[in-house]
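Only one structure is covered here, and it is reproduced in the block below.
To keep things simple, chains are lettered A, B, C and D as they appear, and every chain counts its residues starting from 1.
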């Protein structure tokens, strides 16, 4: 446990992952919010933009050019892709830890990064040492990391949903793994766009990114890590008329060995010491609202006896375990705090 | 009944009143959709933007500079304020009827118009002959009008909710009339704005325009017409997380004469021949969904015995009776059709 | 075209499929609504329960014991499973046509029916002659049918989404077909239940029926018809916070022949004369709101080059093409009307 | 500060106020959840009914007949009206404090209680000593109370919205006070009812209780306390398609003295030491989501210069400050804890 507070900086706090970081960090006992930058909103008190923070956050947005982030212990980037990598070098040089909630440090394969994000990567050496911040898979690496690529929301559900099987080699990889995923609209961010207006997105649903979504290569790179091969993977995300919440329904064919395994026990054992992964009892039907505002990911398992398939359903709050909560979890690990610190908010139901 | 079809032009068909006009006119037996203009979308088939119209509307958006609107019998303006008045002169000169769904021809008092809309009025002579298109109050004038200022959505609910009382002088005008009004989010239009994003407007509500809303002077001008004096009027609109629907709750103090009157009978008599005004039985609680997609306005009356007040609740679909449906109703009157033609769609419930 | 109107009876008009039938039939030019029964609501005007029908439907609910349904030309059953089969014998004997919107006449295999619906089938002889009312597959049989089992909502999306492939033998049936389906909450009916309360189902989603849903055997029986074999089929339905709307995302492996086929052209050709099936252009992303209130089913196709799979996305309004609209479409065919009569309502968007 | 934890019992924990109490108390550092009763669910782990509490609440529902509530320090009743008064006598005799979230101890006038709740009051002597648990008005009485009648949700907004004016006599009481109030659907409770189904209440709104709502007499009794007279009061509640959230828009006529007063300063001064009342800066538009899940009530003031009226808008979370949060606030006061203990959850936005 720390004796003094962690000085935290946030770059880009006007989006949904930004305000979510503020919500969680404002309740974190070991954190001092030092600086938050925004080019467009410099001078505005944060609580004027997000009145939910009135009385809890007294920071004012600072112009990036005026902010000395090297005085922080850790800086979170809640920015579009490309921002974190442009500032990482200076921060790393100053000994500041970096947690990027965008994609700059998620993909180790630079060619893939540049293809999907249409940006040259400006600091491949830092990337090479960056850690993919999924604590349930890489806790030890996170502990000593200087730079974290915080996972995408969809990848978190898919990877934690599949890891116990892939680690044991129980999936028949001659058949594609399918993840049919569904996200609340906050996942699209706080950008003014017609497609996510209330009158467009409410009482309506659709698939999107069917021919290619940026989380596809991220998931594939990690599936390769987990399985040792490059599995075929079909990924279809859908936009659902709810603010928060993400649910992935995965369909995998088990190997003969997998068919003989007690899958429920396997998952329970694998995750028994994980504070934020909850394996539900057999027959449960996970609902997204059971994690609304909380950092838990809950999952359930349904063997399909007739086909030899396993259906796996995973839920999380896309803004918490899928973004800001996971980032705080990573910070806790990096600063040797109890991993749950500041993250024990009970989900809001109803 | 016409032997040949009415040639209709629409200026600005990419917003919600535009697509709603298209929905209604596509089902109208006496209309031929001739042209629809859009600067930004020229060349795009309308049904590509609004796939609900696939197979029903084959028009392509035309650049305004390429469209000869003078070949139409009537032109609807589903545009921002200021567009209709810039084109009205030429259309009127060519004998084309004009129905403006924005505010250019709603307010007879030009000073008030210019104060609230921050625009000089470019054709005061046409305005002087324009008719406020609320058929239940001005049907005869609509019949012979060349230019219609189609009423605002809130004013339609307030004026039809109060007309029977004001026409009979039954309201104590020494006390302000209060209208606490609520609108679905489509009323804010199809503009990309943060405030009306799903993740902002859903599971949330707020008042807006409390210190002044453009429908306030419009309502006041009409209240003056109805009552012969300028009544005090307090108007607070609210944004409600539903796509369509508008509900106004009005609070008025009755005169001693009003207190002796059978108000229910008064309203039923006043509106008995109106095809689109439905006075509900005593004790009813109007729901917005009972008019979803339909051109009806439904209302109910609640005398407050202890206070001598009357509470009036009015519902409509803001995009139909509050905008596009009323515009088509006006067109039907202007072209001597049965007023209900093309407007007999049964509301969608649930 | 008929010279006189079709006399229609509805048994059980207090649920969502009932009010939806009323909405459509009230706008149908060749129909006379003769009688609607309800045990619980006898004596109540239908429009008192559903004020959206005020001025359009003047029927009063009749107690079943007082209603002589044999005077009708056709009777729709919008009732729980088991009701239609208890009355079908008498109606058939009287020459009345029957369209059951529940499951009594959907499954030809009585053993399967009795297993899933926990009811003995009371008129297997009538079932043997009943027709599965999916016009796009069985139009000729519908034309001469006396009794129609109107398809379930999910099966309509799955079967029309797969038919062109299965008819041509282009699916590799050694691999299970997966349908990940999503439904609006109205699909659960108008029963008072905690799980579908607004405060439970809003801003939330979940899967249900993962271990077995009644539409599974219905789909499997029809897949067998289409393919000649009994394909493996995995079906996971989900509950989505929208009133209406259904979207099925299907994942199938193509045969080598299928991989060489122009799938888009295959579907366009197969459905080119179908008034209610709309094959969207390549790259389209179907939204449920584009069919809200309309009888269209729209679909799009996404070949997954790397895996040899095809993803198929289908949308419909679960209460229209998925229930009442399809029932009216069947009626139109049975009475030799233009199939589109009364069903040309333009969907409500937004 | 206590050295040992407060033993808490909850009677009736299966509704929304019950689960909300559990959410808040599970995060309260000075509370030990001892027992929760439910007749219908005895034996069921609470977290099986509400999986959001998994890992946080290990209690199992106990049958009321098996629960010895006299071992508790305080018992919360989250039950229908009539339950608390049937058990209060025994608990009070045993020295247990009682906080009733229903109406049994809200109205001092028994005649009014019996008229509106259709129940004889079974313990008028306890009622006479019960305190109306609105801390901002009755903090000292709460401190020493044995039995608390926790205020209704609507009354909390109306009374805190009006108190500063009425305490100073600045409202012209010859004119009725109007409160046009709006509530999210969770206010209707977790009962299986058709009217609050998702498919009924979503994308829809309505007024209800226009001719009489049980919160009307409760508000009037308190207005009398505040003003010394019995002001006329018009109250119209509305049902809004959101889960949580309440907004009251109030219209009052100011006295000449009131018109000369700096109303903003008056409210800021009145509430400056209140931890849970937030007077927003002039021109603010309170949104319900800014208090979602939090115990704050926020308000804004709009003088209507032309009419001499003041419009007051108040928002709260109906389940927190309007119910369970306020109950915990009362408990904190009764047990001499910092009033904010366990209530510092930052609201969930978006």
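We take it that contacts are C-beta pairs under 8 Å (C-beta built on N, C-alpha and C of every residue); 3 or more make two chains touch, one makes a residue touch a chain.
Here the structure is a predicted model, which means the values were calculated and not measured.
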Tell me, which chains sit next to both subunit C and subunit D? A, B
A-C or B-C: which has the larger count of contacting C-beta pairs? A-C
Most distant chain from subunit C, judged by the mean position of its C-alpha atoms: D
Quick one: report the Å distance separating subunit A from subunit B, using the average Cα coordinate of each chain. 46
Roughly how far is subunit B from subunit C, going centre to centre by Cα mean, in whole Å? 37
Report the inter-chain centroid distance for subunit A and subunit C in whole angstrom, where each centroid is the mean of the CA atoms. 39
At which residue positions does subunit A touch at least two other chains? 16, 184, 186, 190, 199-200, 202-203, 241-244, 286-287, 289, 292, 350
Can you tell me, using the touch rule above, whether these chains form a line, ring, star, complete graph or other shape? complete
Sites on subunit B touched by subunit A in the complex: 16, 184-186, 188, 190-194, 196-203, 241-243
Contact residues on subunit A for subunit C in the complex? 175-176, 178, 180, 182, 184, 199-200, 202-208, 210-211, 232, 234, 236, 238, 240-245, 247, 249, 251, 283, 285-289, 292, 302, 304, 306-307, 309, 311, 313, 350
Of subunit B, residues touching subunit C in the complex: 16, 19, 23, 26-27, 50-56, 186, 190, 202-203, 243-244, 278, 280, 284, 286-287, 289-294, 296, 298, 319, 344-350
